[in-house]
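Once you scroll down, you'll see the structures, which are given as structure tokens.
The following pair of complexes shares a single chain, subunit A, combined with subunit B in the former and subunit C in the latter.
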Partner chain A sequence: MTELLEIENLSVRFPVRKKGAGWGGKTYLTAVDSVNFTVRKGETLAIVGESGSGKTTAALAIARLVTGETTGQVRLEGKDILPLQQEQLKAMRRKVQVIFQDPYSSLNPRQRAEDIVREPLDSLTGKSASEKAAIVDELFAAVGLRPEQKRLFPHQFSGGQRQRIGIARALSTRPEVIICDEPVSALDVAVQAQILNLLRRLQADFGLTYLFISHDLGVVQHMCDSVAVMYMGKIVEHADRIALFSNPQHPYTEALLSAVPSVDAKRREETRRILIPGDPPDPLNLPKGCRFASRCPIAEPRCSESEPPLKQAGNGGMVACHLREAG
Partner chain B sequence: MEPLLKVENLRIELATRAGVAPVIDDLSFELGHGENISFVGESGCGKSMTALAIMGLLPDRIGRIASGRIIFDGEDLTKASEKRLRDLRGNEISMIFQEPMTSLNPVYTVGEQIAEVLREHEKLGKTAAHNAAIELLDAVRIPNPKGRVNDYPFQMSGGQRQRVMIAIALACKPKILIADEPTTALDVTVQAQIFDLLRDLRKEFGTSIIMITHDMGAVAEMAERMIVMYAGRKAEVGPVQQIIEHARHPYTKGLISCVPHIMADPTFEREELTEIPGIVPGLGEFGQNKCLFAERCNMVVDKCLRKRPPEAVFANGQKAACWRAEEV
Partner chain C sequence: MTDQTTEPTVKAQSPLSEAWDMFRRNHAAMAGLVVLCCIVLGAIFGPYLYPGKPFEMAWAPFSPPGADGFLLGTDYLGRDLLAQIIHGARVTLIIGLSAAIVTVVIGVTIGAMAGFYGGIVEEALMRFTEFFQVLPTLLFSMVIVALFGASLPMITLAIGLVSWTAVARITRAEFLRIRELEYVMASRASGASGRKLMFRVILPNALPPIIVQSALMVGSAILFEAGLSFLGLTDPNVISWGQIIGSNRQYILESSFTVTIPGLAIFITVLAISLVGDGLNDALNPRLRQR
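Right, the complex of A and B next:
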């Protein structure tokens, strides 16, 4: 399989006011710090990690939707998209679309459903009105909305139906990649299942590649082909789905998996809960060595000395930990 | 022994613009001393309303207890005065809410807010209350409690704020702690810490806990019994592990199987998730003499649309309000 997306040394930093630095004191919060990964065409890469770890920022940077200073390379089909402008940027936007978490605030309340779905076609393509209408009809059917619902406004839909509108909108330009940022987190479990099934069906039908952000590891296990685990702006582990869930290498991944409550009595018995005390470090005052050291149950003195690079791991993936390199 | 809390045939009506509807419709259940039960179900099924009824905090003017009893420690709370209910809240029955930021007052330090409860309910003096607040912060494992007691809510992380809420709820050693989706907004590692804390408190003080959640995994970890709510009614009740292994109500079964549960040994193949079609009906649909789940049920028969199903009682303690419970 070919690499559709190649992310190289991607960093995003936001200017923030510095406490105690007086008037005009400015510093930078590095939300994403030299991240590297690739995504194959047709696969789903999940990004997991606790809130504030930089998942959304990384995803939005890949969609060219982030406000912070972005450096590094994001290659789509071999071509770096970060420098693109105007027509080329539009062409790229047709290929990379986003589905957001909140089906309430991400849809314009004053637009009708059909206008919302058609909007990317209006702004990114030169298609005729009749072509666009035909595409909208097709999309409504594909995501399980009825034709007569085209004229309704967002508040006339349930949460799940609003997410279907968001999905139809993302599909309208026939993108290669769809970034799904917590697409089911705001939905009830029954509706969540409907949307997850829909996303998998659409992936097969349209050959889509997903970047799937979620904090629900059960959902991730069901949806992804591989997983990148983020902690404080860094990828600490990246492995295939089965390797990551059955043989996690990074202590943070282990802690994360062990914290998931389970209905499976056998799993509950077998899982040794690894408690990680305290909170992550202040993003404006990161420690010198491993960012996880203050909470890591197996940290050694050297962990606070130097930052562990992402290297080949024993489960066939990559891990950033001094104690868990392969060999 | 008498249960600590006994809810009998409770009916709560809400008067909305569309008319009066039973948001809780003939609900009965018991909570034992030191027991942990969970309420589960999708949003809009009446879980929070049940909690608010027990707390005597139904929405002003529009909500009322139409019939039934809430017996706490031998006393019928539906007959209690507003003053008596206020006394019970915080002293005997406490509640923690989903979003700790909105339930903490932003202009007071967390220490002041805990001390306030202690002074009102335990009649402690200023210094004693302040010291007790530090102890409570320590008990809910806030690091450096002596320093953090002077923090304002915004200076704390979401998990820390939720721990402060728990400290406030525990300030008076309540007999019942009601936790309404206490970890929904938190990361799993923080959720695990909060669950551990709740378990310890229960062990130490014998507190009974009612936990409201939509996460079956959390139910399995925390509760002995669960009550599944649907459209204001009890769909199923019984021991947690038993229900997970063999639910007797199609709704419960759907709730368990529609979720992609994390597996210790994931397989390469992944089945489609079981879907429960449709959504929970709105309040206006509640109270009809039929099975309110019928539109979404794959086992529906004519009878379900004509008559509200009675509770089928099983020998193992499970009960399910379904005409076809034996076949599920």
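Right, the complex of A and C next:
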């Protein structure tokens, strides 16, 4: 398996007007801070983290959809996509598509379902009308929608059906990579399972690579090959799914996993919930050391002094913690 | 298959026909629409059906409504008031409509650019809008009419120039809201150009409040024209309802009907337009529709 997507030192920052600084007083909010990871072809990498951890911003930066200042490199098949413009950008958009979080706001209410699915073909390809119609028909079948539903408007579909339209749209240009930005978190649980199964089936059928953004560890465990945990714009742990779930290294990952509710009373007894006190630090005024130090149950003085780099960890993955060294 | 949907077939109904269904159920709005249609038809065909000439002296001045065969009486020069109302309807409606169009063209262009581009463009355009907002509207339009003459296009332009700011602000607000929605980002991910995003994706979704506002704008333009006419700032050779009120204003105490009747005509028209505008607001508002 080859590396399809390589992300190197990706940072995204947004200019923010400073309070009380008057005209031109600007500061930056760094939403994603020097993030590195790779995704192999045909695999699913999950990025998990709490709200505001930068996971969605990172994913949208890879799809060239953020407005903030983006630095670093995002290599798709070895080629950096961040500087691309015009035709090359269109070529890249054909290969990278996005499934959005909220199926109620991600479909244009004034377009019919077939027009929504066809939009990427209209803007990104030079296919003839009949070719496009054939592709739309094929995709409707692939995502489990009936042909007569093509003429309907988004508000005439249920949440799950809307997300199927969103998935068909993302598939229309036959992309290599699909960025799934919390694709099921707005759906109810029964529908979540249907959509997740659909995504897995499509991954096999179309040979897709997923970058799967989620905060739901249950969903992640079901979907992914490897997991990257983000906290305050940094990746704190990146490991294979099994290694991460059975042997988490970073104290933040441990706390996250301990928070997953269990119906099994015995397991509930065994796993003590690790509480994280306090709030995340102010993103405009980040601490100098480890960003998790102020809430970490096992922090030492050196944690607030220097920032831990991402290094090899005991479970075969990478971890950014002074206290968890390989060996 | 676990991922097949099984839902009953739904009829493909466009948002437009759904809005019409909603509008039809609103009795006040339908009443307004019927009245408005009558007024428009009367303005178009009335002059051919009713033989009276609006500028000719037909009978003794101030003959009251109903007397001597004149349904609405005669004014201070003995002109047939009904003929004046019928002929004035055209000018009144044309001014109302075209001033609203001027308003929408200026307002939507400026509001859309401000809302879409943001940053320095928005800053500059909104300061420009505020400049027009703080001008005293009646005085400003009086200056325009006084400087460039009281022709119909100039009056239309004067009214449009003082009232586009509301449309600009609404358009900008809608653009600011919609450009953050996921379907706009989805369109960008699908490779849509900036122009396509602005006109084909955002603008159609921003239209409902703009349509409502411009319907109400027709009403306020009619009132504005009446105000200008009352002050004698419009062309005395072009008859409009406001102009009838203006020319008869000296005799308001002796024979009030000469002022009341055109006043009522304006009142009914503006009320009908407001009812229609209000009905449009409910019909085009998706949140209300889902109830």
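Note that the second predicted complex is superposed on the first by the 326 of 327 C-alpha atoms of A that agree within 3 Å, B and C clash if a C-alpha of one lies under 4 Å from a C-alpha of the other, contacts with A are read in each partner's own complex, and residues count from 1 in each chain.
Assume contacts are C-beta pairs under 8 Å (C-beta built on N, C-alpha and C of every residue); 3 or more make two chains touch, one makes a residue touch a chain.
Treat the numbers as computed from the prediction; the structure is a model and nothing was measured.
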So if we stack both complexes on subunit A, do subunit B and subunit C clash, or do they fit? fit
Which superposed partner A:R241 touches (first subunit B, second subunit C, both, neither): first
State whether A:K266 touches subunit B only (first), subunit C only (second), both chains, or neither. first
A:G160 contacts which: subunit B (first), subunit C (second), both, neither? both
Applying the touch criterion given at the start, work out whether A:D279 contacts subunit B, subunit C, both or neither, answering first, second, both or neither. first
Touch test for A:H222: subunit B only (first), subunit C only (second), both, or neither? first
Have a look at where A:N197 lands relative to subunit B and subunit C in the superposition and call it first, second, both or neither. both
Superposition result for subunit B with subunit C: lowest C-alpha separation, Å, rounded to 5
Shared subunit A contacts, counted only where both subunit B and subunit C touch the same residue: 158, 160, 193-194, 197
Parts of subunit C lying in touch with subunit A, wherever the complex brings them together: 1-5, 7, 9-10, 12-15, 181-183, 185-193, 196, 201, 204-205, 286, 290
Mind listing the subunit A positions that touch subunit C in their complex? 60, 63, 65, 89-90, 93-94, 97-98, 100-102, 105-110, 112, 119-120, 122-124, 144-146, 148-149, 151-153, 155-156, 158, 160-161, 164, 166, 169, 193-195, 197-198, 201
Subunit A partner contacts - residues on subunit B that touch it in the complex: 42-43, 143, 157-160, 187-193, 195-196, 214-222, 241, 244, 254-256, 258-266, 268, 270, 272-277, 279-280
Which residues, counting only subunit A, touch subunit B once they are in their complex? 50-51, 158, 160, 188-194, 196-197, 200, 215, 217-219, 221-223, 241-242, 245-246, 255-268, 270-271, 273, 275-279
